[in-house]
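Take this structure, written in structure tokens, and hold onto it; I'll ask about it next.
Chain nomenclature is as follows: A, B and C, assigned in order of appearance, with residue numbering initiated at 1 for each chain independently.
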Amino acid sequence: MLVILALVAYPAVYHLLTNSPVANLAVAVLPRMDSMVAVLYFALFAMSFDFISGYTGYLSFGHAAFYGTGAYVVILIANGKVPLLPPGTPFVVSLLIAAVLAALLAVVIGLVSFRLTGVYFAMITLGFAQVMYVFVRGWDYVASNPRDGPAVGSTHAEGFGIGIPFVDQLNLAIGSFTGDTVTLLGHELGTYTVSFYMVGLVVLLSYFAMQRVIHSPFGRVMIAIRENEERAEAIGYDTFRYKLGAFVMSAFFGGVAGALFAGFRRSVTPENTFYFLVTGDALLASIIGGFGTLAGPLYGHLFDHGVREFLSNRGQGGGLLPYLQETLSEGLLTTQLPGGISVQGFIQAALNGHASLYVGIVFVLVVLYVPSGILGTVRSRLGGKLSETLPARVWGDR
Amino acid sequence: MTLLELDGVETYYGESHVLEGVTLSVDEGEVVALVGRNGVGKTTTLRSILQLTPPREGSIEYRGEQLVDLETHEVADRGVGWIPEDRRIFSQLTVGENVRVAIPDDADTGEALAIAFDTFPILEERRDQEAGTLSGGQQQMLALARGLVGENDLLLVDEPSEGLAPQIVADVAEALNDAARETTLLVVEQNLPLALDLADRFYVLDKGRVVDDGDTAEVTADDERLRRYLSA
Amino acid sequence: MTVPLLLPELAAFALQTGFVDGLGQFLRPTNLVSVLVEGLAKSAIYVMIASGLTLIFGLMGVLNFAHGSLTMIGAYLAGVVMVVLVGSATGQWTRLAYFFGALVVVFAALSLLGGIMEVGLIRELYDRPPIYQILLTFGLTLVLEEVVRIVVQFYGLQPISEWQGALGTKPAFLATDQSLGPLSIRGLAVFEILLGVATVAAIWAFLTRTRYGLYIRAGSEDAEMAEALGIDVRRVFTVVFALGAGIAGVAGALLMWDPVWGASVPLAAETLLPAFVVVIIGGLGTFRGTVAGALVVGMADATTTWWFQNVVTWTWLPEMAVFLILVGMLVVKPQGLYGVEEVGGH
């Protein structure tokens, strides 16, 4: 709950801090508003990955297939390339269609893949996702240059609205240029802020839905499968159906996340949707945040993204190097370090744009020493809830 | 002279407490049988000696040296051999390779192979065949052969007669009797007549503890003294 | 609808896409031979990038996600050796000799790196579920790739595109086509086949003819029993991990010379995925299966590449074929060509 409040307050806090005396520092350290939108929808994808992988123990290494399906379907509908669906289909409707298609895809992949376990399951799902990746990269129906991926064209120039379908007044559009702005109590909220809240709303609803499943008897069977599948089967559960059910649900929300991504960014590439490293990012977020804790991936991804942006190469709108350039003296930046490289050169060479290195090191340390992740550890220190303390114990002593 | 001495050995599998303080000793040259119902910890006792499932409490001394906290291969290097319950031959290796794996680095391979094949001529015939194609009885011979070539002073034998036809059980018993002339044996065996026939002494294990022991000469297979611990 | 009704349409489609013409061309002896040679060359590359992976998985049950990164490091390292040693005046055979020197350097360096990785990191995880080893090695790829990127950029090279300087150290007879009667065969393809065969033979001999190889095969089947027979399985693990890393590096050294691959940071992912496909098709952990898997994938790749180059315009065909074989294999026979029945039980 605190987290939700903190996130709700974030735009205001960001606005205040970046206009305050510590603005320089705030701009450097805090993720920008548009990044926060990305954090939200990608965190939802990471949660959906964790929903199947962290709770049932089946590593869905091809999860990007669902994210990609969600994203591509939304753009294809908007471009009038999906039969029977006009480009003007309300975003909420096309989002649901995209998610349902992702879920149907999961039925197909799941029927085949759940005959396997462990490493083999991870590999076959990866195989399916790669087939789709190669396919969309080569299929010129989806985009004139399929390698670069499709973008929303002129058939859908207006922003994608989130709200009640077919009632314009009850929709707010998302996107950096196409999004709506809202004037509230004399403050104008920019497109990013509006997008942040609207995307956040969908993410929140999805989170509650998944949370509900986890705490239901169905969720307990999922955890039982992870703990000891044979025992769950011996008790009389048809584990195949539970696994498939969980997989389909996680694919649905993975599709929702992909749809939000496409709705906000309005253009996607095979690399940032179907590629296996997209699943890798979700994995990163889940592990750092806490495997088998539904909210953990949000923190994990916030951390990942925060570090990346802090060490980004762009040199504008925040980050380490611009901050140092503004605050440190020219003399210090050009000071020579041993080895004939200046301070600025060192930062440029070893830090900026190389966040993967530091995130990777943190990830390795987490896997080795904090297997329950940020959230899992915090919760078990506090003697947390059952579902959150289980993972560490279960995963620890198998 | 005492070869092996277990004192208050407590072993767990995860949370379940399997051995609740096992104390027993084996003298050099003896054959000792370890009997008891299923699931009372006989196999776990052998695994504890080998440090495959290291005990949490207690001591295991072999020739006066503490085995607890050694690595399993270090225990094996000291001359403790294992002929496990389900034989555990390497099914994808040939029969000859299975024997060779068990020969210590510093031993004469040719000589060791000769010993194994003299004892079990059938293995020499099948030398280049994949061990997985052997019959159950032949696999048991192979497992015994591995124990013999390992230059062991103590062999831990687990259920050597399990799942074998009576005729083959007799062969295995003969092979064990031969082995007993050279080495000390600690044998886990469900087949009570066979166990009493092979062994000089016995220990009865129940619920993770030694509840009775004595010379095999003192008892017969249908003795009430044994039956109350052994019948289901 | 019955089949005869469909046939004319199929035939029309086949004619339209040039399928029939293509088939006729494809079946010409010279084309068949060149596809065969290309296929063997690809198989040789695949077997080299996959062997280390399968040895490690077979013995330790660790699916090493960092394997591609090790190949990539091997490619750069070999490139460094070659670029430093080779000048424009260096003779063709001298270049070849230097390359074998580079192979030794790369093998030694990567083995050392692999050994350190196993002792320092992977060893911590043997008593945890296998998923953790995937996670750890995945994290290592991030770190290794980024370190390489930093170093490569520091020396003013483009990390994304192939390292041209290293490509240029090839002797001329490997960089050009060699004519053989009516055939024209890439010199490098022949070299790749020879090196692949040599690698397979060396690994095969090591596994079947040496005492250590025997320990590895025994440990792969039943590590606990091997340990109880006096084998220090932990040390065998370290040796195999080092060896697997060394072989990955040697594969990278070869790819450094191949213009299709070349030394670049993305080489890690480009080699990791086919390597996975090959070991799974062959049956995870069996070396024999990996050789067979590499042949299947290599031949499929070469055949579809030929079709794409000569008949159809589907750029995605070769890559897609590789992954479709993977999915098909897992659907039909999940344990792979030579895998044992018990799937995923590791």
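Here is the rule we use: a residue touches a chain if its C-beta (ideal position, glycine included) is under 8 Å from a C-beta of that chain, and two chains touch if they have at least 3 such contacts.
Small disclaimer: the values here were computed from a predicted structure and weren't measured.
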Based on the averaged CA atom positions, which chain is farthest from subunit B?
A
By Cα-centroid distance to the whole-protein Cα centroid, the innermost chain is C
Computed distance of Cα centres, subunit C from subunit A, in Å
32
Whole-Å gap separating subunit B and subunit C, where each centre is the average of the chain's CA atoms
45
Distance in whole angstrom between the CA centres of subunit A and subunit B is 56
Can you list every residue of subunit C that touches 2 or more other chains, as numbers and ranges?
none
Under the definition above, what is the set of subunit C residues touching subunit B in their complex?
211, 214-215, 217-218, 221-222, 224-234
Subunit C-touching residues of subunit B, taken from the complex the two chains share
50, 52, 71-73, 76-77, 82, 84, 88, 90-93, 97, 100-102, 104-105, 146, 150
Would you tell me which residues of subunit A are touching subunit C in their complex?
57, 59, 112-113, 115-124, 126-128, 130-131, 134-135, 137-139, 276-277, 280, 283-284, 287, 349-350, 354, 356-357, 359-361, 363-364, 367-368, 371, 395-396, 398
In the complex with subunit A, residue positions of subunit C that touch it
57, 63, 121, 124-125, 128-132, 134-136, 138-143, 145-147, 149-150, 153-154, 269, 273, 276-277, 280, 284, 314-317, 319-320, 323-324, 326-327, 330-331, 334, 343-346
